[in-house]
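Have a look at the structure below before the remarks.
Every chain is named by a letter (A, B, C and D) in the order it is written, and numbering of its residues begins at 1.
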Amino acid sequence: MSAGFYVIAILIVGSAVAAMSLRNLVHCALSLAVTFAGLALAYLQLQAQFVGFAQVLVYVGAVAILIVFAILLTRGGDSEKEAILSPGWVWGLGIAALVFVVAGGAVVSSKLLPTVQRATPAATVKQIGDQLMTQYILPLEVIGLLLTAALIGAVIIAMRETEGGQ
Amino acid sequence: MDWIVPFLWLIPALPLIAAGAVAVVPKNRKRFAATAAIASMVGSLVLALIAFGHSLARIKGGQSAPEVFNFRWFDLGESALRLGWVLDPLTAVMLVMVCLVGLLIFIYSVGYMAHDDNFTRFFCFLALFASAMLGVIISNNLLLLFICWELVGLTSYLLIGFWFHKPEAAAAAKKAFITTRIGDLAFLLGMVWLNSETGTLLFYDGGRGCLEQGALSALMARATSLGIAASTGIGLLIFAGAVGKSGQLPLHVWLPDAMEGPTPVSALIHAATMVAAGVFLVARVYPLMEASSATLTVITWVGVLTAFFAASIAVAQNDIKRILAYSTVSQLGFMMMGLGVGGVAVGMFHLITHAFFKALLFMGAGSVIHGCHEEQDIRKMGGLKRLMPLTFATYMAGMLALSGFPLLFSGFWSKDEILHAAHGWDGSHGPFYLGLVAAFLTAFYMTRQVCQVFLGEHRARAGGALAAQSPCQPHESPAVMTVPLVVLSFFAVLLGFVGTPAWPWFQQFLKGGVAATDFQHLFSAETLRLIGLSSVIALGGIGTGWWFYGRRPLKVADEVDPVESLRPDIYGVLRNKYYIDEIYEVTFVSLNAWWARACNWLEFWVWSGVARAAGHVVLGLGWVNRAIDEYIVNLGFDRGCEGVTRGGGWFSRLQNGQVQTYLRVIGVALAVLVLLLIWGGRS
Amino acid sequence: MDLAWVNLKHWLVGLAPAAAQPWFASLITVAALIGAFASLFAVTTLLERKGLGRMQNRYGPNRVGPFGLLQPIADGVKSLTKEDIVPRSADAVVHFLAPMVLVVPVFLALAVLPVGRNMAAVDLDAGVLFFFAVGAATELAVFMAGWSSRNKYSMLGAMRALAQMISYELPLILSAVTVIMAVGSLSTTEIVRAQSGYWGILPQWHVLTPWGFAGFILFMIAAAAESNRSPFDLPEGESEIIAGYYIEYSGFKFALFFLGEYIGMFAISGLGITLFLGGWTAPLSFLTWIPSWIWFFGKLLALICVFIWVRGTLPRLRMDQLMNFAWKFMLPLALINIVITGLWRFMPPGLMRWAVCAVLVVGPYVLLGQGLFRGNKFGPRTYRFADS
Amino acid sequence: MTPLAGYLLLSALLFAIGLGGALARRNAIIVLIGIELMLNAANLNFIAFWRYGPNPEALTGILFVLFSIGIAAAEAAVGLAIIIAVYRHYRTTNLDRITSLKG
């Protein structure tokens, strides 16, 4: 385990905790952006360059901005006056902790994980593109369709109904 | 001219481009829309004729194998999806027919739709339809055919519901779409099955296609758990798709309702081309159908029953287009029967001749409707012979062709061919006799229609008083509508001569052979006997019709129909179309509605009720306890009651409508799942 | 001469102990990049003020040093010594972080630009993607600045800027996609190498093909909008919302914003040069003896002059005009341009290909422009008065 | 601890943080953020397995993550649109007050 991993892990976990626990929604969203950036660093650390850049482009550049917009449109930019936790929050945290213990236990106790260190695999952009255009063409098309549908759907859902359908 | 085969895609592409161009221009560019659509059809027609000539030349040269052009669409993991187009006589003939009829109907529509606000939309849909239909014809892959097939269905939906502000039109469009979907589902299943058995959906692929010998014999050898060969099962499923699209029993209910669309649409889609697509599909996969006699038997019986039922229903209808619609259903039944008993050539010959004369009849009906100011009830017409002479003459040609008037008209020869084949069928004689009855009824109801529409006095005014000076006087249609009628009537009369027993050019062309003139065959005793029989049937039908309706035309619109006065019970059944719509209403539709209600009830009372009831029961217990507590035992059970109430609250909290509660359950389930997995992995 | 800087770096790295050499090399590269572009920033501010002054028939700065040449230094000293004011109600942390979040990604973006032969700081396999990815982070900085100031003008400015940047990012990336398609690589050095040949004496720059020309124009328009330059400077329109999202910034933080904006403009112009104008290659085949880095910075200065010229010439757009222009004009054209690039890739080379693609480029431009103007979607300005 | 196990643990922790936030917070947008975190945790798993797994020549892990990013973008867009629509209807994004699903 390199020092880089620990730095990145602390960055990710710290900002994720902040994103989940801060009182001000905009601060949450900004922490989320930091988490995304940290994940992108983790991907770079794992030699997945393309995915890392795509992560920054999509998550930091689009999803985080989208969330910020949603916060402002729902007037959540000011700090909440009332309690931020829902009534059953103890249960929720308990369940989350349970899930972590179970999943983490599974990872730690697993004997299936490969122990041999392998050479760094190469994933050039060209290879990814070739794969996308040949073997994974159908998922690619489906994703394209999905994004189009989501685009239209999001516009329709968020459109104001009051201004008369016609 | 070998270049035509790889470039066959141009034929559907031209109307598609026109549709795209028309779709983006503003609504008021009517001239552009019409010009683009018609020009694209002319281009397609020219290409289709080239393809036809090429096919002809090849057959003359003695080559009869279909020419194909296959290409790889995309790779999917290990396997590649390949599409392609095919040029064989069947394709060539259909291409020319669809392009020619389509072109004439496009021209006709310019006149018919001239005053419609949505003129450009209409032409956009029409061109899209033509493109999809031509795609069905050329495709060499069942999947490509299916895609175009569904596109055809979509455009049919759009065009039936073209006047969607009319509730009937919207309902009819929906009905057509949903009914055909039932057949298409079976079609899709058959396709999937075929693909899993043979591994390819290409029809012809140099010996590896699914219609070629290798695949077929494997299919025939393969038995299923139901005890039928795979080829039979697949054939029947694909035929179910054709049943839906071609309006055969029991899925014919949408076709008469589809007449809510504009008349050119009825002529193009619901008479000449799209409904024939089902017949074409059966003809295209005929090797597969031929592989099992069971399939052919089913096709024959479905066809002949449809022919008979629809013809009898047509006798008692009063809407000019509805009569023609039932007549179409009936004739499609004839085609199916022809395919079943006699093979591709027999059915296809009737398809081609029918396409021309039925398009002619529909366009004539459209001309009548147009002339009578959107009146469709034949009882309120009459006397149009004088007012619309050209329409009358062409309509007569179509009517005589459909009735099978001996020797001169195309319908006679094609129908005779079917009856001839049915006579020689070794399965049963039932289809032959039923077919004869249907042919008789056909002649009868067409005569009835013509007599009521064109003969006698005009009955639009109440009491039959014809206001000659009224501005609503029926008038002849403009030339842009009548010229296509004349051209079509020319074909309706003459097309029969390419397939007479004496010179069966058409049949031989489809089989890939060259026809020779053979008068011996024509004058052989059996042929003569059958020709005589058909003539008698047709003339008998026309004569009976004349006896009832022609001798003494109706005087007023609401007079009782002569046949009705004869046998009101039968007539009532027929007028109500054997109550099939009603039967469907009380069976399938209400079953569906009932099931939906049952689900709703279950959802509301049972599932949600269980949770609520549990809560309420425990709550109620708590209440009872409290009552006992307060009045009888006083404070003794206070704590116990509280506990029970809390239990009830806990139950009802399970369904509190809060997403997070549900999410919490999912989280617990996730943990349990992982634990199970670990446990499972350990043991 | 061509490799002077590269050799200098190698010499300097050689001085360091062997273990520290990789770190030292990176440090030198970073320092050189920051130094070069920061001084270019200084030159540009002067050039802009002088140039605008001349266009508006006045002198521009002329007091500090000969012809006012030392003006940037005076500006720098001034902004460094000014008081740093943070509004009382502002969100102090976010307010403090916003300028950093703006400047850091902008400098990161410079790293993938090949400013000369073998002179890309890092040669990434997915260089163009990296550029756009870090560019996306600046949007967040703009929002942070606008939101944390608790000032309605800065909030409005930030929202305007966000809407504008998101809208123009699409045509920007789509017009870059054409080049990526044609070259078949996301690497910036690869893209420059693909343009380094010559047809006779003319260079094989992408801008000299029909799709490349259209792509370049679209790219530069979108770049102007992305860097909030006039005529797309609504987010900071002085006459409308005072200064947009950095109203509440002063002193050094304001200088950082200013720096970030200009470096962003250099970076995006540099990418435009790399994608369309052949990067560091010489414009004519007999000029290759001039060092490559001179060409790159020469082209960059030329583009900056164009930006200044445009700023001095065109009036500011209205918000709806801005949006309509992006979504109804730029985006369709960029999409059509992608199709044309595909066509270009698959047609045999020759005059025919040129003619067909040129017609296909010009046709949609004319049609779309006509259609939009006829529909009055972004026609001439209309005026509404308060009392009507 | 091998690097793979480290990344898997990090991913599990990230997932748990996201789940905890989604379960404990009142605000719908925060719940959505939590779900995004969970999605990202899954992505991290894919990349880690690709990098340290037995067959890194196959780019399955990377491509899966690319598709997952696309889906997440669609999910965020639709989810936020729904939140905005819900906000318009209830004038709140507090999930405790949005209980139309109650049986």
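The rule is short, and it goes like this: a residue touches a chain if its C-beta (ideal position, glycine included) is under 8 Å from a C-beta of that chain, and two chains touch if they have at least 3 such contacts.
Remember, it's a predicted structure, so these values are computed and weren't measured experimentally.
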Message: Looking at chain pairs A-D and A-B, which one is connected by more C-beta pairs in contact?
response: A-D
Query: How many Å are there between the centre of subunit B and the centre of subunit C, using C-alpha atoms for each centre?
result: 59
- line: Per the C-alpha centroid definition, the whole-Å distance linking subunit A and subunit D comes out as 6
Statement: When centres are defined as mean Cα positions, the distance from subunit B to subunit D in whole Å is 48
- line: So subunit C residues touching two or more other chains come to none
- line: Where subunit A touches two or more other chains at once, the residues are 50, 54, 62, 69, 86, 88, 91-92, 95-96, 99, 103
Message: Quick check on subunit D: which residues sit in contact with 2+ other chains?
response: 19, 22-23, 95-96
- prompt: Drawing the touching chains as a network, do you get a line, a ring, a star, a complete graph or other?
  reply: other
Field: subunit C partner contacts - residues on subunit A that touch it in the complex
entry: 24, 26-27, 30, 33, 37, 40, 49-50, 53-54, 56-57, 60-62, 64-65, 68-69, 72, 77, 124-126
- line: As the complex stands, subunit B meets subunit A at residues 74-77, 658, 660-661, 664, 667-668, 670-671, 674-675, 677-678
Task: Please name which positions on subunit C make contact with subunit A in the complex.
output: 91, 94, 124-126, 129-130, 132-137, 139-140, 143-144, 147, 159, 162, 166, 169, 184-187
Message: Which residues of subunit D touch subunit B once you look at their complex with the stated criterion?
response: 19, 22-23, 31, 95-96, 98-103
Message: Can you tell me which positions in subunit B touch subunit D when the two form their complex?
response: 607-608, 611-612, 655-660, 663-664, 667
